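First the structure, then my questions, so here it is.
Chains here go by letter, A, B and C, matching the order in which they are written, and residues are numbered from 1 within each.
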Amino acid sequence: MKDTIKRLLQYTASVVLLYALIQLLIFAGIINEYYQVTLAMICINIILAVSLNLITGFTGQFSLGHAGFMSIGAYTCALMTLRVGGLFSFILGILLGAILAAMVGFIIGMPTLRLKGDYLAIATLGFAEIIRIILLNLDFTGGARGLADIPRYTNWTWLYIFTVICIVVTVNFIKSSHGRVCISIREDEIAAETLGINITRYKVLSFVIGAFFAGIAGALYASYFYYIKPGLFGFLKSIDILVIVVLGGMGSITGSILASIFLAVISTYLQAFAEFRMIIYAVILVIIMIFRPQGLMGTKEFKPEQVEKRIKERNNR
Amino acid sequence: MPILSIKNLTMAFGGLAALTNINITVEKDELVGLIGPNGAGKTTIFNLLTGIYTPTQGVIEYQQNGSTRTINKLKPHVISSLGIARTFQNIRLFKDLTVLDNIRISIHKNVNYGVMPAFFKLPRVYSEEREILGKSNEILEIFGLESKKYELAKNLPYGEQRRLEIARALATNPSLLLLDEPAAGMNPNETSMLTDLIKWIWKEYGLTILLIEHDMSVVMKICERIYVLDYGMLIAEGTPEEIRTNKRVIQAYLGGELQNDA
Amino acid sequence: MEQLLQQLVNGLSLGSIYALISLGYTMVYGIIRLINFAHGDIYMIGAYVGYVCMRHLKLGFFESLIISMVFCALLGILIEKIAYKPLRNSARITALITAIGVSLFLEYSTMAVATATVRTYPADVLINKTFSPIKGVIVNIQQVYIFIITIALMLLLQFIVHKTRIGKAMRAVSADKDAARMMGINVDNTISYTFAIGSALAGAAGVLVGIYYNTINPLMGMLPGLKAFVAAVFGGIGIIPGAFIGGLTIGIIETMVSGYVSSLYKDAVAFAMLILILLVKPSGLLGKNIREKV
């Protein structure tokens, strides 16, 4: 028990420290406006990747429609801040966007999660496309032009808060009995079922949680980049998120975090060659799949305690 | 009062009848064997009993706490919650998870904390998780797997994998246990240890067991009654002694063996 | 009534193109259980090869069609050898992600070489004349060409699959790869042939669409590729006549929706149909149900 509290305090301290450090660098101007965009992309991608990892990496349900949930959060928050305005509308927009995304996740998940493997992938892709086409055709979403001049409320503080919440909640969930059940579904559905696990319920649950956080990511995105349109949340965006998850390792939260940082940094440097960026992306994807299909981390997690232990062991020798 | 009665059960895949008109009853606390040559339909019966397949015709009744329920249209997880657990012929452990997690997952239905407390890891999550851990350790100790609880299931030797699968089924706290060829692939020494283990858990937990087995020494040694299946039909039923001398059974098995050799 | 018939004519031409792409999807899925996401992009490449042949090399329609088909066949074999073959025994999801990677690679490589600009096919390669078989219904000769070429290729494919040695090998490999190998069938070659034939059909579809719609661009394969997959699933994946029927059905429904409802919703319809099929009869129109062995 004492150990648990000690570790909890250590984690909290390092989380606060990291926040303060980066905030300081922003104040000092070392992280300039240009790098702040990268920072925002990292946080948003972490939320997207961790939430998709819960669905695909941990529960084993292959989804190609994550951008669809993101778009729901983005449009909800954008409309809230455009129509109502004020910081309050921003926070409300985030929550409402997340809840709406979760609800759509439920409606989509209920029927489709009976499907398996690549059929499920195609069905989720189809649903995400339908969401995009609906956004394209509605009046109040601005059609193909989308929504512009969205007030910017998203800043480092909000990004950090939501990223930490997303990671902590997801990790807690995975480590709980409910999370173990989700993993057992990935491992063997039929065995899980005969052990009394309502697999549909847990598949839908992880889908809904994933959609919820994707909604938050979308909301943060809309309020950071001023401008959204349906085309931003198409098939390619879903693939983008999937690439992060696969690169980091399906079933590894730290893998998703590392991959988000890695890819955001790379794409910042490749900004000038947008077309080549996609070619390099594609090549990376194929090479990883051929030579290391489990991704950088596999299902393993990077834990500071293990590093500590290793160092101690080495010193003792 | 039988705990399980299978009445006029027929199962067809496409036009092919895998089982025809099967009638089986199992009394409470019995240990019943189900034998027959390869492809006779034994595992299909288990798949029907656990809700993985729905029968084409017939009824499966299961009795629990004095009330009888028809279970042939229920989903697998509902059937499990009624107290029927099984193992698989081809071992279906969660291979990439630890031995401990394999057990903890099957205790999940006893978990009382909801999803919300799990998100925020409230104190009750800690206390309940400790309880789960205690219960899992208990089961692992009984099966002699406690020292291996942090190993991945796939890294266990074959015999221990079989044992873990039985332990996992027991962790769901069943009244009726279905064992699908638990001794398959074991050497005589392992087999005899397993036979003792099955006998022991049967008595200790007050279970009713239905057992599919190829190894005649196991079946003859521990089963009180035996059903014999051939080409999807029941051809005999009786005590081990009666089955040993039954002409149709001998014929079916000799035929089966000849086919195997060819 | 006339409008309905007119939409039907347009739907048949569009559906023929979907059917051609869909055939390749279905063949590849049938043989290695892979949703070859890059298939739509092979169709795009086919359109570009046709463009180069007609615009720059000043070749005629049939020469261009054949060159494009051969080029795509070789490309299909190459992709299979480099990207998919090493993954033949890994998880299907791994293969699917690889296919997505290949698809992105083809799209953006084309964009890097040919730029994102929309290119226009020469308008006079095929007789561009219309006639009116029934009053109020206008048919372009090109539409007739497209339909006839599709039917011819489809019959040729049926002939190959059912009457030739290669076709027999394909059917054997698709039924049971290991058993086929033990019977002395060269599985690798058979898979190569399958990719070659499927890709050649996609290449043909690319040229036809270039003629029919005139414009091509590097991302043109994405949506038709997905829709062709829908068509394959609709007809029952792995079944050749199913893909043909599925392609025509989607083409017709799509033109009906853009004619009677709104062209903005036509893309949604294909996906809505897909989801409906997957939920009601995942095995497709002509498919059989297969259950997992426990």
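Throughout what follows, contacts are C-beta pairs under 8 Å (C-beta built on N, C-alpha and C of every residue); 3 or more make two chains touch, one makes a residue touch a chain.
Treat the numbers as computed from the prediction; the structure is a model and nothing was measured.
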From subunit C, the most remote chain by mean C-alpha position: B
Per-chain Cα centre nearest the global Cα centre, belonging to chain: A
Averaged-CA centre spacing for the pair subunit C and subunit B, given as whole angstrom: 48
Interchain centroid distance [CA atoms averaged], subunit A/subunit C, Å: 34
Subunit A and subunit B: spacing of chain centres that average the CA atoms, whole Å: 41
Sites on subunit C at which at least two other chains make contact: 294
Junction residues of subunit A, two or more chains touched: 190
Numbers and ranges of subunit B residues touching at least 2 other chains: 52, 88
List of subunit A residues in touch with subunit B within their complex: 4, 169, 172-173, 175-181, 183-184, 187-188, 190-199, 205, 299
Subunit A residues touching subunit C - in the complex, by the definition given at the top: 62, 111-112, 114-115, 117-119, 121-123, 125-127, 129-130, 133-134, 136-137, 190, 235, 239, 242, 246, 275-276, 278-279, 281-286, 289-290, 293
Residues on subunit C engaged by subunit A in the complex (per definition of touch): 35, 83, 86-87, 90-98, 100-105, 107-109, 111-112, 222, 226, 229-230, 233, 262, 264-265, 267-268, 271-272, 274-275, 278-279, 282, 292, 294
Touching residues on subunit B, where the partner in the complex is subunit A: 50-52, 75-77, 79-81, 85-86, 88, 92-97, 101, 104-109, 111, 113, 115, 118-121, 125-126, 128-129, 132, 168-169, 172
